[in-house]
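Each of the next two complexes has chain A plus one other chain: chain B in the first, chain C in the second.
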Partner chain A sequence: MKVEATEKIHEPLFHIAKRESVPLWQGIVVRAVAIVIGLVVCGIIVSASSSSGKNFFEVYASLFSGIFGSERRIWLALQDMALLLGVALALVVSFKMKFWNLGGNGQILMGCLACTTCMHYLGGKLPDAVVILLMIISSVLAGAIWAVIPALFKAFFKTNESLFTLMMNYIALHIVSATITAWFPKGTGAMAPIEYANLPVLGEGQMGKSLLPILVVVVLTGAMFAYLKFSKHGYELSVVGESENTARYVGINVKVVIIRTMILSGAICGIIGLLLSGAINHNVSSNMDGNMGFTGIMVAWLAKFNPVGMIFSAFFITFITRGMGQVCTDFGFTNDALSDIIIGIIYFLIIGCEFFISYKIRFNKKLLRKKES
Partner chain B sequence: MDIFLAKAIEFGVIFLFGCIGETLTEKSGHLNLGIPGIMCAGAAGGCFGAGIYLTSVENPNGFVTVLLAILFACLFAGLLGGVYAFLTVSLRCNQNVTGLAITIFGVGFASFFINSVVLTLENASTLLSMAGINFFGAYLPIFDKMGVIGTIFFAHGPLAYLAIVIAILSALMLRKTRIGLNLRAVGESPATADAAGINVTLYKYVFILVGSAIAGLGGLCYVMEYMGGIVGSTVSSTIEGIGWLSIALVIFTLWKPDLAIVGSFLFGALYILSNYITGVTFVQTKLLNLVPYMVTVIVLIITSVRGKKENQPPASLGLSYFREER
Partner chain C sequence: MNQEIALELKHISKYFGSVVANKDVSLTVRKGEILSLLGENGSGKTTLMNMISGIYFPDEGQIFVNGKEIVIRSPLDAFHYGIGMVHQHFKLVDVFTAAQNIVLGVKDKKRFNLKEVNERVMEISNRYGFHIDPKKKIYDMSVSEKQTVEIVKVLYRGADLLILDEPTAVLTPQETEKLFAVLRKMKEDGKAIIIITHKLHEVLSVSDRVAVLRKGEYIGSVVTAETNEAELTEMMVGKRIELNIDRPDPVDSRLKLNVEHLTCKNKEGVTTLDDVSFKAYSGEILGIAGISGAGQKELLEAIAGLEYAYPGSTVTYVTQEGEEEELIGLSPKEIRDMGVALSFVPEDRLGMGLVGSMDMADNMMLKSYTKGKTPFVERKDPTSLAVKIMNELEVVTPGIHTPVSRLSGGNVQKVLVGREIAASPQVLMVAYPVRGLDINSSYLIYSLLNEQKQKGVSVIFVGEDLDVLIALCDRIMVLASGKITGIVDGRTATKEGIGLLMTKNEAMRQEDKNES
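Our next item is the complex of A and B:
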């Protein structure tokens, strides 16, 4: 094909370039703008589609009362936030290694199941202290095993880990539902709370129930921050994440790092399972993970895998989730489908705004001027 | 037995739509975990299209109803796919995170939209189930004369055959045409494709949108054909489960649309097996539900252990492409 010499040279109107780094305030402003837009859209959708006659501003009153409305709500929100943060901490080690662990749900569920199995068979027969010890060991092991299976195949055969861990979620889910049926063949699939071997309650009311999970996660957050920032292991896993070849060249055993890190990741999910089953619900159900394995990904990713930043993103996501639940109740929506829609839209906006943090757009000024004249 | 096989094919078709949609998307290098949500959006759109037509016309025409439902299912699913494409292709956001957000949105949207918009149309639920049985369940008249074979292969509605046609066309497109070759290049190594003069962004957009539209038909197929137009409150959570299995099916069929036809029927059989099998305990039927996932994991392991080049996922699957980053 002959190319004409007089062919017009195509100049793009704008040009996208990667930013080296962004000042902290700029990152915060961009995210804040996205959140504000999201909240405005939320207010418009809710007040437009509700038949309760409440106005636009009452949406926000409901949203805030959902988590700050009473002491009980505050503690429940803190508990949710702690659990979510815990899961995100588990996921962040694998993500730093560029191991896409989408299997948080399954690892939590296996932790729940292991814990409840101990309570079901041993509760009341052995002293509570012994059972609790066994619960801790078995939950951690169950979570770790569920995570290390995909890790082994990833390390030795490069099996795609995101698809593998995704499937492991559903295998765990069906194992849990089959186990409940096996225990209670005539039941409805739901399980009554077990009275024995519950993890200790630290005080009165909702505060007492929520305090233990919160304290455990506070300790975990500190430990993970130190692990990622100061330990040799933390350094090695981020090198593996940046470039496997570099890691191999400097003498890091990549296989060992992958397996070790995933054991840690699964073990933390197992601990969350232990808290869910042993301290909060005292039983197991096939949706006990509350989809935190997925929401946790959002938490970790929004904070750019920084454990301290994750405290804020976990708070924000808990705020939106619980707040929207309250809004749906107050505005007379019978199911929480609307809340999912709003949460989805807010996610789109905060995911999209990351672009403006990592890239900048340079417009072609010459071309713009030509267009104007 | 023949009823079981017929039902397996009927259910498998839903998987087939989802699987072809996701295969095309993954071939462009994008792991779309939003497929469950997109299938839900397709179901909502299809019900909406059919519902509007049925409630506004005296004597609805079956062909027009099906066509409108298909059109609206593709439109709604395509729009949601467009959001995914814009976020991951243009804004280069993380594909896993975006996909999960799409799923959360899509499932909520379908549930809300069906309950608050579609079912508030006058007589909608009766008309939809009428259309489901008479129009979407309409089968070829030769079915009665062919005995068992007729029951298994020809007693299906129009969407089933559409799915198979789409699967065959996709397989031919991927393997025999220049567009297919370019698409595979984009998924394997976008930088190379870019250097060869292929418009990477265009290919990604087109195939994410087309893939989403096809997957949306899966949602429509579940509501209108398999459920016979009965729109219950658990529709979107069921479709979500089907959606995740469709993603599994892509792995199971090694990213090959022609294999997907067989694979989807197998998955359909496994999915409904627990309803038809007799002589097992309740616990065993529950455990049967995890067989499709187990099988997928085993296939995933075997293909990676054997390491044959043609059976691997597209090399750049899940990675954003930015031209200046080398």
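Our next item is the complex of A and C:
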């Protein structure tokens, strides 16, 4: 039985084709355009919905002052950026292996908790140097353990790592809350900073406080770049990530590589936890991770897993986040909703523009000509 | 012959990025005619057919059916105009019966009646001489039965123009003959048929006319009766080439590999290799034939240490000095570390033999990156090896730092074979080494294998083209459903003889079923 054509078939107006590769400058231009559009939208929304009477251009003054406004702000921004970059470095080793580690938050929190536990029980009782050494060891271990549990299940039972690591976040979160309650049953749930065994301050003012985390991450970035690009381990994990069959074919022990890589990934998150609790806050709270386990994913992806590129994406995200915080203060917005909306729009544009880098849209010239005439 | 034109293409072009898949192709097919579309891999045959069947949309050009210009935007549109395509990779639902698969996606206003469908399927089968059981589930079917379902599916939808993409690639010689008989009947019934293939003798035996594509461009059409293999090859490749495969006599034959009672099972516990025993000698090429999935992959992977072999299996490797080494139970790395010179070119080149996203240099060191005491990889030697292979095997690539997945199939294979041969193997196992390769690259691979054979390497060659196996191999071992059904001398073997061995177990099993 032949199906008759009932409707008239039209030619498509355009179709989407994959691009070969884009010259570097073109990619930069597309991304820059996306950022500019995002900022303009941001300016319009803020100036339109504010009752403070400030105009469109003052939005940008606020945005920039959020990060460059004073020496203190600059150091704070650099510190935020360093921490975010550190988390993204932890994630990127697992991502290169196609192990989708969504458990950054939990791994950081466990690092924070381990560090604070040392400070809480041993601070003042043992020499600071000894406590600090124990803090370092326990934070790294705690982060590594939190990451290696899903890795073991993935290696031996082929469980899905995304769900597993994600759920580990909530366990970590509630362990932290429970511990704080156990320590201070009558408190408000917030913990006062501990005075003992703080990591060293390297100078005056905010700079002194921020310098240690920044230096640690600078070293980490260099080390991870070399690890991924030049080491045998780095080579093995990218082979495993690209094709487990190829890894088997050349005799790489896939289980060992998965477990080893996740120990490393978790350990770096643990270090970030150590910096957060030991150097910056001197305590622990259940939201200390600052959601960097997820923001870090974006930092890693935007830079296509290149540690050097991640410096730029981490800077951009820090800039937008801190800048919008300042804008909200200056324009008198009392809740975070507006800032979240605008950050969302900007992220959306940045990620969306990747489409135009990978694909091009070709219009049907015949139809266009017809329309013009 | 009916001279009415069924389909006409005028100036069709299709680009993928900067790659020209088809350029200015014009082509006609008449009713009651079988047209062979001939061309090397990558010459744009499948792309062209995909545009007719609605999978791609042409960038330029016009398509006429029965003299009327039409626009085809989807496979559904193609069916409106009576065009049906049988793809190289079957698109069937495994757990459905033949009839259910055939009727899947058909939109008519009638109520769904499976009995009616079965009857119509039987009617079509009888008309053209198919053997098909409409109630049989796909997973119970052999490859050739599945293909039959695909063809009936297309006919059921009322196709007058059938396109078959490499239909014989998966068939035994006997099955191929059956298919051709069916095609001839359809032709008598007035259907137009386009068959894509690169096997020349099939082109000559089944088609009325041959259209040749080269690098996406239409070279010309010839009447089959007025042409020969040499002329067609010249049209296809663009220059005259010698089509003979050498077979030097084996020299200094010594036992290299002794496989005994090799048994493997897959994840579901189904036996994939059943008590396989054979010997491979230095200085010879041992061919392995069989329909796809007869245990070829498992055999090579078990020898290479990639597949778990059941207790009782032994694979003994005999070193140059005559010492025996047992390989079963060792990982590929342990085998390598023992000093066993075993090279393996797997079937899945980019998924197993190479890492697609890495460049040539990084792929060279896949098996040697552990060398050196530092925790860092040494890239100097692999890079110079990559340069050497690129020059010696004439790998076409923008440079050794281009990801190998960007190279064409033939060049990917040159990289892989080059690396495996550079390891100076004693035993070289290759699985379907010329699949998807153009004629020139294929002959280069054959001569590389012969070169290794003359160096005293024991070559194990898993192939699918029986003509090549018979021309190249000293001995041919035939696998059927995981068992060896015969080892024949390549110099005296015939295609028909091997074809029978390939289906021997299958036939026996069918008889068992019928008796019980």
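Heads up, the rule we're going with is that the second predicted complex is superposed on the first by the 342 of 373 C-alpha atoms of A that agree within 3 Å, B and C clash if a C-alpha of one lies under 4 Å from a C-alpha of the other, contacts with A are read in each partner's own complex, and residues count from 1 in each chain.
The definition used in the following text is that contacts are C-beta pairs under 8 Å (C-beta built on N, C-alpha and C of every residue); 3 or more make two chains touch, one makes a residue touch a chain.
The shown structure was predicted, so the numbers you read here are calculated from the model rather than taken from an experiment.
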Partner chain(s) touched by A:232 [first = chain B, second = chain C, both, neither]: second
First, second, both or neither for A:188, with chain B first and chain C second: neither
Dominant contact partner of chain A by residue count, chain C or chain B: B
Partner chain in contact with A:163 - chain B first, chain C second, else both or neither: first
Partner chain in contact with A:18 - chain B first, chain C second, else both or neither: both
Touching partner for A:249 - first (chain B), second (chain C), both, neither: second
Intersection of the chain A residues that touch chain B with those that touch chain C: 17-18
Chain B-touching residues of chain A, taken from the complex the two chains share: 16-18, 49, 100, 102, 153, 157-160, 162-164, 166-168, 170-171, 174-175, 177-178, 181-182, 185, 294, 297-298, 301, 335-341, 343-345, 347-348, 351-352, 354-355, 358-359
Chain B - residues contacting chain A, complex: 31, 33, 37, 83, 86-87, 91-94, 96-98, 100-102, 104-109, 111-112, 115-116, 233, 236, 244, 247-248, 251, 282-283, 286-287, 289-290, 293-294, 296-297, 300-301, 304-305, 307, 313, 317-318, 322, 324-325
Residues of chain C touching chain A in the complex: 15-18, 57, 59, 70-73, 77, 79-82, 107-108, 157-158, 304-306, 331-336, 344, 346, 348, 350-358, 362, 365-367, 369-370, 375-377
Partner chain C, residues of chain A touching it in the complex: 1-5, 9-12, 15, 17-20, 230-233, 235-236, 238-239, 242-243, 245-246, 248-253, 362
